[in-house]
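Everything on this sheet refers to the single structure shown next.
By written order: A, B, C and D. Residues from 1 in each chain.
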């Protein structure tokens, strides 16, 4: 049972069989705050893996499925059927399950990017979810407490009118051609499974979503230069983007999977005419905040600041005791649980939606297109 | 069910009612890896709080107790009774429950320090646990992956013969006299509930345990200077200790609750004749490692290093995605679950034991005694 | 006298009267290693300031000039005339003095950017210096020891084939419109005195020169988006540039004078297929160096590394004792002194030249042009 | 000539011949701000080295001496004789020259520690300098701008009543026994030349002086544990000291030359009942300042802060452009020049004096004595 006395939500999972990374992360996120019980799954398209994985996770045999369609049907029919499902398959396998479960009246928690193509993303928007089934896109970095605080600081006017945004997400794990044994690398560098974007879809979209979440700026157009540095690689592994926002602010976004020495260097820096903010995911419990003409301040997660931390920040333990990636991820899960239970109207405006997913696809698509057109400025509205 | 297909362990809790901090932390730790189900509790000594708290946590009414003695008796008698219990009460209330549950054949997970007095700690050592019931002391910082790696590096000889250890744990939350509304501060500054040590028992003992865990050095004697800076405070809020170890190494330990600007500044620095290590809890996914005459290296949790990470490190997510305090805490829980299930012989030598608890009390007692004797060197063996 | 027994070089200065910033810096740089004696000056175009300033600096009256033309003539005619001159006037006043002194056979040390316009820069290239008078452009950041080491690491192949370069120089001092009393701001935001570029000429050109110096990459083309955020400002105060290098490497460059919280945030990050380097001017005695698949190493100025530090690094004091901006600046001066004395053939290839100055102007001019053409890729060769 | 129009002070040097480290540093410090001209020297006790070194530094032959006594006599007799002398010999060779020059009416700039023994230090105090000749002890770290600011912040009450001071100076260069070719190591580990203290005299005394300079606290007593870790070494290479100050504040001081990975890790942390300060020499342009209950602020050298920087801070270049060790050293030289010229009454109270030197010797002597007496608390007043 959840900490607040509410009954746990019955959860299913599509994808996430033995050896999968992100499915494991979703399960921890679902457990951490005690709001979910995993009771069903179509964990792999390979029946034997699905069964073995389900057994290991303690699912009862009749709720281990080998097809998501069957799972959606069967679970919707059970009185104790799942109330929500987590979709943790490769990108091209998001659309089908999302549609099936929403139309079955089951809430959907979907990994990002929302789909492999913008067409699929738009089709998803047109679906009529049964019984008001809701959708959560796990742009998990938006769950970091200081990211929530950054958003509030911007909204409060503490930075003044925004001028410049610098976003980056740099890794090095694809510096060399991936071996055949690297499942994670294999599908992420395969256009059939990832879509038209490589690094831009896998991590650029996280950086983009984060800057949008915190600043609220609307993107007008992008000018992009995408590169595949590793010989033979079909998708970009390094991304340079310049951005123009409505109202005149400007931005740069760098995403790379070949930046030797970077692990998960997601960083956001925002400057307005009154103040500046800087945050890095690799040490996420600290954020620089400067008011023009005053010394830099190092804000800490849940630490001293004039404005009390918002409930939405979900600070579990005192400042100085670090929380991390899994807690941020869990915050999305637990606040979505509140939304499902009808307790979370405040959270609803914070959690990443289908519309965010579509906009992420616009960003990917416009960037790819711009890059193909010699970096011509390309409007998001035009793709 | 746990990720590996094992059945979840049925868990009870003593203390940890509504508003308690450390009980909440223990519950997250128990849930995170999916190895436990909380099914019973004596969550408060006040019956109405116990009931309300138990209800909020979804315990069935017949397993909400108002006395731990009753709980030990009743749960031991049930076929579906708890297999393990978490004791999260103030220090002076550790001994009683620990004894009761161990003698009832129920595994005990006990917050630190083990007891309020060294006499109690020694009495605990003499208890005959029924059915081989096991005991875990939650010196949670030992669960940090890089702390495990530090221990392995030291043991491997990478630092050579150890010479100097610098340990510190600095906070500032007790800089001013605690208000009446601060429950956490109230019992921690009260000798009746905390024992003879203030900062030294609350956080000094963490720093001490950590240096012992990583270095394996045996402490010969301490010379201490304890101070209560805040007027009217009965227990030390700042601790200076010099240490002498068997074999000639020397150390310093600083613990403070009045160091303005420090949140949970637990830091460990170790130097041998071949290398040095430095780690800080506030950014725990990084550790400095220097081989003499070579550049400093920044090791990352689960990141690149010549030696592969040990299984005991329990790295859940890739390097660069930060894990924190709760994950380290959860590692103690999940590895103790493995021990309970008989799968964890490798973990048993790593998890903090009753003997560690007794030694922690020796450290506290010897330090207090030294401080009372004008910092005279005081042997741990003599207290 | 210099530390090595050589006679000091007789130095003059154009610009740098009382209250000027960069002239003062040049004088410290000239003194620090003992290679120069300042003996003449045309320190201001206002005669009374020139006299007062010259007197304060101890110049004898007959060597205080009010026009650089006169100074060049008179000094060239004296048997004890200056051997070198430092030009520290605003950008549009570099060309005239540089020409005059070179043609008078006097070595020139010139602040950057070389001139206010690319036309002037090219005319400078065509000058025939008398008696082989030499020219030094004070791109002072190239004098930092770790920048020299970075250059050697790249040249040695330690990073492999370069792929990505991220350069930035962010400040915040022009966040608001400059008051009339701010001389520094006044000429830097005035096209008549600065040339067509604002931030791009003042600091972008430093970042650009630095990346060129360290990587040796040749720039093919730039795509730029320049903005003047402060109302009424005529020159850019924020600069976004994407770069394409010969051989396929890509880069981004950000320069800003409105990034609240940044003081002199000059930063260079370089990634190849074997390794990565990261350096920041605000803490210049440290540099990250990562070989792919190994832990990050923190190199220190003059500290441990497999390759011994090159003489060109000019490390004056042991690692851990910080050197800074003035020492880097002084290194240019003292190595140029060696060149003047005929001892410095090794240094000659390292010190920034007139050709570097012309290329810097190409960068500025191409970026301004690209920005005016909706960020169209613009070849440096075409401006 | 100095920047302010004053005539340069004629300077001599004792010690500092070719290959000497600290003499070279003193010369840069003397040159940097333009306040001195080196015109005479007894640079080595070996005549041929003295001559060669003097020649390299451009001294005229008749002012190259082979004995300091002769130099004091001769220079005092010359109309153009030196006005000040820098003493940069090993510790045991400070007393003789200091006495000789002071009694000859020549100002003395002396490296630290003041002498090799406390007896010598006290004898120095009794000397009657001719013509009011003044004495500067180059505790150079007191010249760092942020150290000056720290002192002002403490004095202003911004930290409230001081409680805890943590000082440390850790290096690793003596981790192994020094080879015969290491001149620096040789005299520093030799009691005949260094005095009774090793690390404590060489670097512990710097840390101690710095904490005294900034806090103004008076030391009551020390409890020390000194160790020589390297086999065969006669002097301590690691120092642990606990301190008690008048008024009740407490401190710890750690100095080490065997802390692998540390270069010149001089660090000062100060906590009062209202605020805290933290500063580290290896990145000296930044200082943490926290007011209790507010976010940490990162002050920068010359950067934004409510109180304008004091003139005594001697900030030469804008914040964000790092200054370092040599600039701090030069500040002592240039402010002593002002004192010599009679312009520097404000500086006189800031510059380290003979009394500071004596107290430093008391600290060394009391610590050595305490360590020999099983760390018994030893009063500085009693040695």
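As a convention for this text, contacts are C-beta pairs under 8 Å (C-beta built on N, C-alpha and C of every residue); 3 or more make two chains touch, one makes a residue touch a chain.
Fair warning: this is a prediction, and the values are worked out from it, not measured in the lab.
K.L.:
Which of the two pairs, C-D or A-D, is linked by more C-beta contacts?
P.N.:
The greater number of contacts lies at C-D.
K.L.:
Counting in whole Å, what is the centre-to-centre distance of chain A and chain C, each centre being its mean C-alpha position?
P.N.:
The mean C-alpha positions of chain A and chain C differ by 43 Å.
K.L.:
Find the geometric centre of each of chain C and chain D from their Cα atoms only, then give the gap between the two centres in Å, rounded to an integer.
P.N.:
34
K.L.:
Report the inter-chain centroid distance for chain A and chain D in whole angstrom, where each centroid is the mean of the CA atoms.
P.N.:
The computed centroid separation for chain A versus chain D comes out at 55 Å.
K.L.:
What parts of chain D, by residue number, touch at least two of the other chains?
P.N.:
In chain D, residues 262, 296, 300, 303 touch at least two other chains, as defined above.
K.L.:
How is the touch graph of the chains shaped: line, ring, star, complete or other?
P.N.:
complete
K.L.:
Where on chain C does chain A make contact in their complex?
P.N.:
159, 163-164, 166, 172, 175-176, 223, 225, 227, 229, 238, 240, 242, 244, 248, 250-252, 254, 256, 258-262, 269, 271-276, 278, 288, 290-292, 296, 374-377
K.L.:
Where on chain D is chain C touching in the complex?
P.N.:
1-5, 7-8, 21, 24-25, 27-28, 31-34, 55-58, 171, 173, 262-265, 281-285, 300, 303, 316-327
K.L.:
Taking the touch rule as given, give the residues of chain B at its contact with chain C in the complex, in rising order.
P.N.:
289, 293-300, 303-305
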